[in-house]
Structure formats: C-alpha cells, structure tokens
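Below, chain A partners chain B and then partners chain C, in two separate complexes.
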Partner chain A sequence: MHTDVLEVDGLCKSFGGVKALRDLSFTIRQNEVLGLIGPNGSGKSTTVNMLSGAMPPTSGQLRLGGVRVEGLNQWDRVAMGLTRTYQTASVFPEFTVREHVMLGCEARRTVSPVAHAFRLRRNRAEDRQMQERVDQALELTGLTGDRDTIVGVLSAAQQRFLMIATALASSPRVILLDEPAAGMISHERETLAGMIGRIRDAGISVLVIEHHMALIMEVCDRIVVLNFGAPIAQGTPAEIRGNRAVIDAYLGEAV
Partner chain B sequence: MKFKTLLMLAALVLFLALPQLITVKYYLHLCILALIWVIMAQGQNLIQGYTGYVSIVQAGFMGIGAYSSALMGSHFGLPVGMTIILAPLVTAVFALVAGYPSLRVKGHYFAIVTLAFNMVIFIVLLNFTHLTNGEAGISGIHKPGYGRGAMIDFYDRQVYYYFVLAIAVLMTTLAAVIVRSRIGQILLAIRQNEDLVASVGVAAWRYKLFAFVISAMFAGLAGALYAHYQSFINPEIFGVAQSMDAILAVIIGGSGTLTGPVIGAFFVVFLPEYLRFADSFRLILYGLILVLATIFMPRGIVGLARDLGTRFGGRK
Partner chain C sequence: MTEILQQIINGIAIGGVYVLIALGLTIVFGILGIAHFAHGSVSMFGGYLTFFLAAQHGIPLALAITIALITGMVLGVLIELLAYRPVRHANHINAFIVALGLTMMVEGANLQFFGAEQIVIPTGATRVFSIGGVTLPELRLYVILAAAALIAAMTIFVEKTKTGQAIRAVAENRDAAILMGINVQMIPLVVFAISTALGVAAGVMVGSLFAIAPGVGEGLVVKGFAVLILGGLGSIPGAVVGGIVLGVTEALAAGFISSAYKDVIAFVVMIAVLLLRPQGLMGRA
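Now for the complex of A and B:
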C-alpha cells in the first residue's frame, strides 16, 4: 500500500498580494519524523494550518493515505487520522486531564453522542476501548499520575504534553506538532524528544516544526527547510547541516 | 455526594408539600409561574451556562410555544395535551431556522443576532393580527383535559401546580442527562476553547445548534404551559425584557449548574413581587439588587453556597 502517509503537492498560499507559501511539496512516510524548519515568517505555521484544515490553501493538493483531503473540514481530517497541536498551549482549562484526553476520542466514536446520552445503543465495548486508548495516550505522554488533575493547574510543559496526548487519543496516522518545545527547559525537551520517538515507534508519522535545532537534529529522520515561503532544501539531518543554502538562510555557521 | 442527594430529596419533599404550606392563593400562583420559569431557565442554562453562548431570545421562543399551542387548539381542535407536546417541536423548527445562520457568528455577535430575532418574533406577534389577534392577545385558552369530562381537574390551581412540577422535574432531569453525557462535555469544551474543539475532531457547530434548539424547546414547552395556565396570552410578556430575565435567572442562580436555574427562576418571579412595597422605586431597587448580585456573586447563589460549604464544611 502507500508508504507515503501524507503527500503534499504544490501547496501555495497567498494573503492578498503576499505569497506566504510557494509550491511546497513533500511527503511524510510511515513511521517517520519529518522536521519542518526555517526562519520566522517562512511559512511553517501556514503550512500546518493548511494541512490541518484550519486554513484553505490557495492551490495545491493534500493526500492522506492516497485520499485527497484539501477540501475537508478540520474535524473530518481528524477522523481520517490527521491531527495537530498548537504553538501556544491551547487547552480546555476546566477539565481534568482524563476528560481532556477523552475528548480526543470523539472523532473515532461510532455511537452518536445523542444515542450515547440516552443509552439507546449498547456501547460498553466502545467505552472500554476508548478508556484504554486514553490510558495509553496518558502513559505515552507521562501524564498517568496527573489523570485527575485540573488542566488549568498543569505546568506549561505538561499542557503541551496534554495536547499531544489528546491528539494521540484520536488514533492518528499523522500528528502535526507546531513548535512543541517552545518555552520548555532542557529536561522537558529531553522528555519531549523521547516522546516523539515513542510516537513514531507506535506507527504514527510525525511532522514537527521547531526552532530548537538540537531537538530537530536529534528526533528527525528527514528535514524540509523553508525560506520566504519557498522550500530551499530537503534531506537527512546530516545533509541539512552541511547544506550551504540552509546555513546562509537559517542555521548560521555555529551549528 | 450523599449530602447532595439528601438535599435534593429534601427539596423535592418541600416542593410536594408546598401547596399545603401556602395559605395565600396568590403565592401558589407565583409558584406555578416560577416552576414554568424553571423550565425556561434550564433551557437557557444549556446554551448560556454550559455552551457559553448568551442567547437573548428565550422569551421569544416561549412566545412561539405559547401561541402555537393555543392556536393549534383553537384552529385544529387538537386536545390540549397534544398541543403542549407539539409546541416545543414547532419552536424547534423556528430555532433551527434561526440558529443555523446565527451560530456562525461568535460571542457578542451571537447575542445581538438572537436579540434581533426576539424583536422580530415580538413584532410578528404584535402585527400579524389575523392569526395572533395583536396586542389584544388570545383569551379563553383551554386547560388540559378540557371538554372530555376529565378525571383530573386542571382548573384547580393545586392540580396545575403538581402538573407543572412534574414537568419541571422531568425537564431538569433531561437537562442533567444531557450535561452529564458526552454532549455535555463537548458543550463545556466549546465554552472553554471553541477553536480547539474543531482541531480535536469535533464539529462544534452541530453541538451549538443542538444546544440552541434544545434550549428553545424548553422555552416552547414553558410557553405552552404558561398559555394554558393563564388562559390568556398577549405579546407583552414575550419581549426582550423577559429574555433578559431568563439570562438573569441563570446568572443569579449559578450558570453551568443544574440547581442554579431552579433557584434563579424563583428569584426572578418572586423578587419583583416582594419589591412591590417600594412602589415606584421597585424597578430601581430590582436593578440595584441585580447589579450587586452580579458583582458580589459572579457564580450565582449556587457558587456562593459551594464556597461557603467548602469554607465551613470542608466539602467540595
């Protein structure tokens, strides 16, 4: 079947006269961590917003497992296995951690919430299955001990892990991480790096946008580099590190 | 938890015994109105308290329920019991039509759109005289069991009290089932962070529309019960001012709680009555109490009681 899980083909985005993204193409393969890097304003977040469905592309195609998805709603894409997290911690602060992650399961439910509320259909098996999925997501993100904690009192890093756990609860094929390490201190970044590795090992492909180069070089199998809305390089971390254009545009000499 | 159950049972016993305890007939009348308002407020709470969307059309929907139930009875000769059941369905159709476009806008804009919708309902009730008899209203609306030599005499105030009480309990239970289900979780999620709901994989608009339509159905039912209780309706009580009362009932009682709307409903029905002594200062006093209540009890009476409970009893 498709080993390319997500195919991005000729993606463009214009805001009025500003071309935020020009002809971006790349693929994310099964069990792969792909990094998307570039200076501020190079179009990274715009790319994630278009992949997740938060923003329509001006032109270009997106295929998830071979199926075109660029016309679909955000929630439909989640149901198909394409999910994301945000650059700033975006959570439901009043829920407990468990309730929060449970909401991530909604996209995969087969029993409608109305039927569920009035117990019109038997759904114990599904409930149990979702509960297990939540437990797994908590385990993978190290939040098991905080399952009954109110989300609002978690630390910023924990809220970021919670976003990942909630995304994982929807059983994604691809998870898009928008600057997951922003504001994290070194040991939290290490935890995150381990987490990304385990997510990949669980058979989920990861696209990660990040400014922290050590993290990117550590976790990524391949990297795509953007500059002024256009791709300037693709390759393994070693190739990117040695790429002249990338060094000039973004990395600088010191790395 | 056990304490809560005990409290609920006590409240239920109190409600059941109330007609025996009340000596002044007028207070029983007010209690019936308050119970009808409990249904209104429970509906308002679903959209306002749980979903976080302040809707200013609850009284308008009450009007649709009241007029549709009365008119279905007088025009098609349907039995009152049936028109009371049909009234919320008619209201739901209107809410669906109104809600679909208005829920595309968020926050304050939604409030304004619903406010406009309430005004439209009011104007239609006032000017579509052919059907609604305009300002003069509709009188002589029958009570349930009319003309069938019914076993239960709904013209007896006590009987109507228990009838409305049963429905109010039923609707509060329905609200409880909804808010404690997955739907309730999604509504709460919308209130906290609507943009995130979509990226978690949930089509928020469906749930917003659901909450809006259900809240309208509560109001429609309340309107039907009101019409058949008073035997007379005119557009006056279905205006924006009454929609504000529904909002206040939720805020004063405690929004996003199930007990809040019950307390709030009795509050908005009884408070103006108790302020009658102040005569022309009544409305000023009413306004003042509301302002002070919102400032000093932002989470309503239920929120205040919970705080006090935690402080003195160590109970959550």
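Now for the complex of A and C:
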C-alpha cells in the first residue's frame, strides 16, 4: 500500500509560443525515489522549477499530501515539506557545517522570534528537536565527522552534500535533487547513491534529475522520461531500459 | 593642532550624513544589485517635508521628524513595489533607467511641492560648546550623536535580529536563503523601508546643518556612491568607515587648502585608495 505524497497533474508550461512542457502527470509515493530523465531541453529543469515554486505553471495542478500548492511561494512550500537542491552548491561559506545545517531548521520554526526571546520552555523544546534534526541530517549525508569544519574549505562534492543536509533539516516530505551528481567523480557518486537510499529509508520521498544513467538506474524505484517537453514513458528501471521509445530518444542501444 | 582637531570634528558631522546615505545605498545594492540613484532626492524630500511641517505648520520638530521618517518608510516600500519590482527579472540596464527616471520624478515633485527656494530647517539649537579651544556647535553635536545612534541601531538590527540575518542571507545567496524558508519577496520591502528612513534622517541633518535646495540631493547621492566604492560595495562597516574618511578628508581639505577644492581632494583620496585597494577599504578581495 503506497501513499501518494506529491501528485503532479497535467502540468504545462509555455514561454511565449514555446511549449516547454506539455501535460506532465506523475506521482511520487512515500518512501520512493523517482527519477526524471530526458535529453537536454526536454523540460526537466522547468519541471523541477515549477515543483519547487521558482516559476508558476501555465496550467496544471500540484498536490502535496493532498493539498494544492501550485499557487504557493517557494518558501511556503519549503515550510510545508517540499524542498529542493540546486545544480550548483548554494551554501554560505563562512559557517561551520553544523551551523549551516541548523539554518535549514529555521524554515520550520514555529516559535516566533519574539516568543523565542521570552517563552523559554517551549522554545527549548523546539531547539532540542532542531538539534536532533541537524544530527539526523548530518548522519544521512555522512557529514557528521565534518560537523565543525568551515563550509568554505569543503570540497565541491561535500558542499553539495551539505546543501542536501541543509534541505533535509527542514524535515521535508519530498526533496527534489536537481542534477546532484554533476561534476562528481565515481567514488563521490557512490557516496551520493548510498545517501539517496538512506534518505528514502528515513521516510522522505526523493525526486532526482540526473544525466548519469548508472546512478539513476541504481537508486530509482521508478523513472519518468521526458522528450521535447512531453512524457514518453514511466516505469521501473528495468522497464525503462527496455522501452523502445526511450532507447530511441535518449538512452541509445548501449545501456 | 587645535585646528586639525576642529576640522576633524567638522568632518565627522558631515561624515555621519554620508554614512547614513551610504548605508541606505549599500543595503539596497547588496540585496537587489540596484544603484538607487533617486536616494538623494528622496532624502531631500524628507528634509523638505520636515521643514514644511515644522517651519510652516508649527508642528514640534521631533514630531515633524518622526512623521517624515514614517512617510519615508512608506515611500521606500512604494518605490520598491512600483518602480523596481516590475524590472526585477529584466536586464540590469532597465533598473538603471528606472533609477534615473525616478530621480527626475522625485526632484520634480520636490520642486513642485516645496518650490525652488533654498530652505534651512530651524532647530533652535544655537549654543556653542568650547572644549579646550575646539568649538562644537550644539547642532553639530546632535547630528553626530543621532548619526551614531542610527548607525548603531542599524548594525544591531542587521547583526542580531532574525530579519537582519535574513537580509544578509538573501544578499549573499538568494537561492540558499529560500531553502531556509526566508520570504525573499518581503525582504526588499523591509530593505527599502529602512534605507529610505535612513535617507530621510540624512536629509533632515543636511537641511538643518546646511541647507536644502534643488540639486543638493543629486550631489549627495554621488558622494554616497563614492563612499560605497571607498568602503567596499555592499559592506556595512565599509560604508561607516568610508563615510567618515570622506567627511574628514573634505573638512581637512576645506580648512587647510581651499573649500573650492574640497570635492576634488575628496575624490583624489578615493582614487588613491582604489589604486591601492581596488576592493575598497573594507571590501573582500
């Protein structure tokens, strides 16, 4: 029995006369890693930008846990449990790793800044919860050992892991990973693959956009394939690998 | 020696005004990357409004200044919403053109509402203190104290409050700030409200220390940008140090060389600093 966490229903996006995305529908279930693949210009980034709220859809619906979110701002979606990472590491270099991940918790803080200063007990309880979330996010991303390191001195790959950890600290239900492996070398990709598995096992649904097919085939439970702004296939990695249309459009015979 | 000290004190007063103008420009630049040229003219509007309320309608000066500050905040919010937000995602040249157009509009509005006459805000602060041969007019002392208080308040706000930290986060990395749940559409409104209020405070200081007339605001904004470049673009400590350095240099130049050359010498110092430290005094390399 699966529960749908994020439902995408008939999503369309036009830029002037150009239809960047036509009628995309899929769902992300609980404890699922969903891959979104396709050639360059097929509409993957447009999709993730609409899911996160960076750009409004031309038409279509988006439901997070049954609640429609397509009209909400990005930060409101983060507060509801829909977060993302970016293709390049978007981090603040002068914090320590731990402080940085702590910032991610702020998205979910329920005690107002004024109450923060006065209502000590409730506030302490929330701070304790935040500490736990930070520890969990560090553990999931394998950064526990680097918790006191200054962000600026981390490697490029570690900064990307930190971006994931910071997003996880907002206790998301769904995390959108936009090309998380871009520029990574093979052992870093392996670390990432293990991380994505652990995130799913922690009960968080993952949508991953990626060009590295071995990684996609390894970590995804299901895959959606886009071509020229339209979905051409959905299915398990094995089904996608054998799908004629996908082979012709994107994978080629080698995979 | 006494004379040098005297000029330094004079310079600190005008430097405080430069700092307030530059702080307003630097937080706007830091968040939106906009060179907000209309800032000086808006500041002068604040000075004019204070004069209009206090001198022409007999409203107590403190109340008049408070009304001008609040009006300034509202005006700042409107400027962001109506002038800059629509060109937010467009090419930077568009915001540049909007800024120039806004400058002309505000200058025109000032002329229309308050006339072309030079005005001085009457403060009634006429006492002169003398400390070891250095004279310090009461008004100049108040300006220095008020500027110091505003600079301190601004620093505490930006460093210590959640909103201030959110402003810095957005300035540094808008995308990362969104992931922390920061409302990045609200931040520019707060920034413009604060920036314009600081500008109005500077306008009131100029109007009471010197005089306000058409064109004064435009001159002031040029000085403000000079301070930004001197101190380091987007840096708050840089605006404070740069403003004081520019004010004191001008005063020393006026006192020991010639007041006709004070601007020239101030800009020569700026060029010299930039030759040695292109990132500005407090800027990051």
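Annotations for the structure displayed:
The rule is simple: the second predicted complex is superposed on the first by the 245 of 255 C-alpha atoms of A that agree within 3 Å, B and C clash if a C-alpha of one lies under 4 Å from a C-alpha of the other, contacts with A are read in each partner's own complex, and residues count from 1 in each chain.
Convention: a contact is a pair of C-beta atoms (placed from the backbone, for glycine too) under 8 Å apart; a residue touches a chain by one contact, two chains touch by 3 or more.
Since this is a predicted model, take the numbers as computed values, not measurements.
Clashing of chain B with chain C is the outcome of superposition onto chain A.
After overlaying the two complexes on the shared chain, residue contacts for A:F95 are found with chain B alone; chain C is out of touch.
In the superposition on chain A, no contact is made by A:L34 with either chain B or chain C. By the touch criterion defined above, A:L168 lies against neither chain B nor chain C after alignment on the C-alpha atoms of chain A. Touch criterion met: A:W75 reaches chain B and chain C at once. More chain A residues lie in contact with B than with the other chain of the pair chain B and chain C. Judged by the touch definition given at the top, the superposed model places A:L215 against neither chain B nor chain C.
Residue overlap on chain A between the chain B contacts of one complex and the chain C contacts of the other covers 73-75, 78-79, 83-84, 86, 90-92, 103-104, 106-109, 113, 116, 166, 170. Within the complex formed with chain A, the chain B residues making contact are 177-178, 181-186, 188-189, 192-193, 195-196, 198-203, 207, 210.
The touching residues of chain A, counted against chain B in their complex, run 52, 54, 73-75, 78-79, 83-84, 86, 90-95, 99, 102-104, 106-109, 113-114, 116-118, 166, 170. Those residues of chain C that touch chain A in the shared complex are 161-162, 169, 172-173, 175-176, 178-185.
Interface of chain A with chain C (complex): residues 73-75, 78-79, 83-86, 90-92, 103-104, 106-109, 113, 116, 163, 166-167, 170.
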